[in-house]
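Presented below are the structures under discussion, each in the form of C-alpha cells.
What follows is subunit A paired twice: with subunit B in the first complex and subunit C in the second.
What follows is the complex of A and B.
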C-alpha cells in the first residue's frame, strides 16, 4: 500500500513512539502527560495511535511505556543486586531511573543494559556518594559476573602440544569470559555475606517478609588495607570469584594483552626480591591451576 | 651481560609455566577437576549458567512467552489481545484499565 502525503513515515512514527516511551513514568507509574518539549502527550499520541472501544490512544501507549520501564528496571535491579544492597532501595531506584534514561538499552538483549554503568557512575558520583568507591567496586564485579555468566568460551589449550615448545616464544590467550579486577573493597566476601543473609531470611520467615527485609537491608564493608586482585570466571557452567596474588594478576593481564609467556612472567616479577626458586614454584603452581580450570586457550 | 641474564631468567620462568601447564593438563585428564573445582575456583557466585530460567543472551525462552520478567502472566497467551500491550510487573499481568 502506498503512503499518502499526510501519513508520517514509519521511521518517524517509531521515533515519536520511543521518545514518549523512554520518558520515565510519573510517580503513579503512568505515562507522562507532557512530552519533553512540553506538548500534550495525549494529543501527540492521537496522531499515530488509534483508540479502540476500551482504551484511548494515550492508554494504549501507556501499557507499552509501563512494560518498557518495568522490564528494564526489573532487569537492572536483578543484575545489580549488590549495588542495591550497598546504596539502599531509594537511592538505587533514583540511580536506575537516571541511568536508563541516559543510557537506554541499545541491544537486542537486556544482558547488555548495565555495560555503561561504571562509566556513568564515574561521571555522576553524586548518585553513589558517600560510598562511591565501594559502589564502583561492586559494579565492576557485578558486570564481570554478567560477562562470566554468558561470555564466549574458546577451546582450552592442549598441554601436551606445548611439551616441546620454545618457552621463550610461546603465546597464550585467556578465556574471554574472565575479567581481572583490582579492588579496594572485599566485594567477593560482601556478596557471600549477602547470599548468606538472604538464605537465613528465607529460612527463618515467609517469602514475602524475607523479600521485604532483603530489599530494606543495606550492607557495608570496610576498604581493604591492600588492593584485592580478583578473577571473575566460569567453570562447569558456574560463576566464581577467585582471589589472585598481585604478581599472578599482573601475569594474567600481560597474557591477556598479548605478551609472550616469557615476557608475561618477566613483567610480573620485575624488581621482585623473591628467590628464583620460590618464583618458579609459584609460577608452576599457578599455571597448573589455571590449566585445570581451563583458563588458558 | 645483564640483558642475557634477564632473558635467561624470563626463559626459566616461562619453562616453569610450561611445566605447570603440563601438570595441570595431567590433573585435568585424571578427571580430578570436578572434585577440586570448589577449592581452586574460588567463591561460588549465585548464578548457574545452565539455569533454564534465566535466558540472558541465550534466547532459551523463545516461544515461552517471557524472558527475565519471571513471567507467569499473559505472555504469548493472547489474553491481552486488543488492549495494545501486555504489561507485566513483578511477574504479574497488569490490566488495570
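What follows is the complex of A and C.
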C-alpha cells in the first residue's frame, strides 16, 4: 500500500463532492455543466473522481447527484401530497426544488425534511400565490400529520385521578403527538376529498398517463367563514383530525403551555357570554372525550 | 461458525429483512424465520405504528439492527443525538450486534441520505476507525461495518477497497458485515476480481453476510435490492462461507418486494452453502 506524501484532506474531498452533487439537476436530470461559480463541472469533478473505461468522472458523479435529488424530492413529495394536489405538479416541483436547495436536510432522518417548509412559504409566498393561505394551511396539517404519526406518547391520566384533582394547582400535559391548529380553510375535508379522488384513480385503468392522473388529483377548497380549530392526533397508531370548538382549542392550548387546569378553563371562557351552567357542561363533555382519547397526561 | 465476539457469542443462521409489506403476513401467520434484520432508523422514533409492530415482532423473533445513517466515514464525529436514540432502540430490541456502512453521508450537519463512497486514504482509515470505536463504546455492543456498492473512485485513494476495509476494522477492532452482492457490483463497476477482495479481508472478523439482487445497466450495475440473487453473487457467497465458516446470513429485498414466502424462499437458498451450527470452530 502506497503512503503518498500529501493527499487532500478527507473533509475537503467530502465537501467538494457534496457541493457538486447538491447542485440542482438540469431539465434532463443531468449534472449542471457549470458550477455556481461558472467553472466547468466536468473539469472540477475530474480533479477528484477517476474515470473508468465506460464512464467519465462527470458521469460517475452524476449517478450520485441523481440519487440525491430523486431521493429527497421523492420523500418531500410523499410527505406533502396535499400541497402537491393544491398547487398542481409543475408548481409543486418548482417549490420542492427551491425548498430543498435552500433548506437541505439537517437531520439524519428524512422524516424531518419538511419541518421548515411553513417558514419557507411564509418567506417566499410567490411559490404558492395566489393560493398561499390555503397552501400554508395544508402544510401545517401535513407537518402535524408527521408529528402525530410517530411522535412520543405518554401514559394518559386516569379519569378517576383527573376527577379528584385540585383544578387550582394541577397542571396537565397534552400528548406530545397532538398539534392544535387554527385554519382558514377546511383542510380536513380537502384531505377526505383527496383520499376519495386517489381511491377513484386507483380503481381505474392503469392505462391513464401519469400527467393525466395528476391533473385529476388537483383539488380545491373554499375558505371557511370562521376559523377552523383542528386537533391532529393519534389513536391506536392511526392519525385522525378532530374539529374543536374555539374555547376548547384555547383551553387545550393553555394546558399545552403549562397553565393550571383552573387557569386554562378561565382563559378559555374569558369574556364569554355563555351561562355558567353551559360552560360547566361544555368543560365536562370535553374532558370526558379527551380522557377517552387519551389526550391528557 | 457465527458465534464470535463480533456477534456477542450469538449463532444466527439465515434471516431476512423486515419490511412493511410483510408486516401483516408475519404477525398473522407467524412463519418460522431464523431472525429478522431491521433498519434501525425506521424505529428510532418515540411512538406510533412502527414501534408497536416492532414490539409484536420482538415477542416472537430475534432481531438484529442494521443502520443506514451513522456515516462512520464522515470526517466529523458521530452525531450524539443519533447515538442516544440508537442506544435506546438497542435496549428495546436486544440486538446482539449492530451494523452500518463503510461510507460517509453528511458534511457540516447537512445530510445526503445516501451511502457515499470513501476515498481510501490513511487519513480516512484513522477517522473512520475513530468513529466506529466511538459508536461501539457508546452503544456497548459489537459493531460490524458493511462494504458498499459504489459507482465512483477517487484519485486520492492510496489503497484498494479491501485493504481499506481491513485496515479500518483492525484499528477499530470491530466486525465486518460482508455484502457479497456489493462486492460483485463494485467488482464490475471498478473492474477487480472478487476473489482478491475475499482473500484480502480478515475472515475471522466477518460477523454477518448480506445477499441481495441488483440491476444491470449498459455501463454499470446498480445496487437496487429488487431482484433475486444472481449466480455470480451466490458463487461469491459460497467462497465467503468456505473462508469464514458458518456466518449469519441475511437477504435484503427493498424494492418491488414480492410475497413474504418468495423472499423467504430466496433467503433459504443460502442454507445449501452453510455448514450446520457448531460444525466448525473459528478463532476470534
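Here is the rule we use: the second predicted complex is superposed on the first by the 274 of 297 C-alpha atoms of A that agree within 3 Å, B and C clash if a C-alpha of one lies under 4 Å from a C-alpha of the other, contacts with A are read in each partner's own complex, and residues count from 1 in each chain.
Note that contacts are C-beta pairs under 8 Å (C-beta built on N, C-alpha and C of every residue); 3 or more make two chains touch, one makes a residue touch a chain.
Small disclaimer: the values here were computed from a predicted structure and weren't measured.
Q: Where does A:14 make contact in the superposed view: on subunit B (first), on subunit C (second), on both, or on neither?
A: A:14 contacts subunit C only, not subunit B.
Q: Applying the touch criterion given at the start, work out whether A:25 contacts subunit B, subunit C, both or neither, answering first, second, both or neither.
A: Neither subunit B nor subunit C is touched by A:25.
Q: Based on the superposed arrangement, let me know which partner A:139 touches: subunit B (first), subunit C (second), both, or neither?
A: Neither partner.
Q: Between subunit B and subunit C, point out the one touching more subunit A residues.
A: Comparing subunit B with subunit C, the partner touching more subunit A residues is B.
Q: One more residue to check, A:121. First (subunit B), second (subunit C), both or neither?
A: A:121 sits against neither subunit B nor subunit C.
Q: Taking the superposition as given, does A:105 touch the first partner, subunit B, the second, subunit C, both, or neither?
A: The second partner, subunit C, only.
Q: Considering only the touch criterion stated at the top, classify A:67 as touching first (subunit B), second (subunit C), both, or neither.
A: A:67 sits against subunit B and subunit C alike.
Q: Have a look at where A:290 lands relative to subunit B and subunit C in the superposition and call it first, second, both or neither.
A: In the superposition, A:290 touches subunit B alone.
Q: Is A:165 touching the first partner subunit B, the second partner subunit C, both, or neither of them?
A: first
Q: With the two complexes superposed on chain A, say which partner A:183 touches: subunit B (first), subunit C (second), both, or neither.
A: neither
Q: Overlap of the subunit B and subunit C footprints on subunit A, residue-wise?
A: Residues common to the subunit A contacts of subunit C and of subunit B are 49, 52, 54-55, 59-61, 63-64, 67, 71, 75, 109-111, 149-150, 234, 237-238, listed in rising order.
Q: Under the touch definition given earlier, write down the residues of subunit B that touch subunit A in their complex.
A: Contacts found on subunit B: 6-7, 9-28, 33-34, 36-37, 40-50, 56-58, 67-69, 82-90, 94, 97.
Q: State the interface residues of subunit A toward subunit C in the complex, per the touch definition above.
A: Checking each residue of subunit A against subunit C gives 1-4, 7-11, 13-15, 17-18, 21-22, 47-50, 52-55, 57, 59-61, 63-64, 67-68, 71-72, 75, 104-111, 149-153, 176-177, 234, 237-238.
Q: In the complex formed with subunit A, which residues of subunit C make contact?
A: 41, 44-52, 69, 74-76, 79, 82, 104, 106-114, 116, 119, 121-124, 127, 151-156, 158-159, 163, 189-191, 219-220, 222
Q: Over in the complex, which subunit A residues touch subunit B? Could you list them?
A: Residue list for subunit A touching subunit B: 49, 52, 54-55, 59-64, 66-67, 70-71, 74-75, 78, 109-111, 145-146, 148-150, 157-160, 162-163, 165, 167-168, 170, 188-189, 191-192, 195, 231-243, 260-263, 265-266, 269, 276, 279-281, 283-294, 296.
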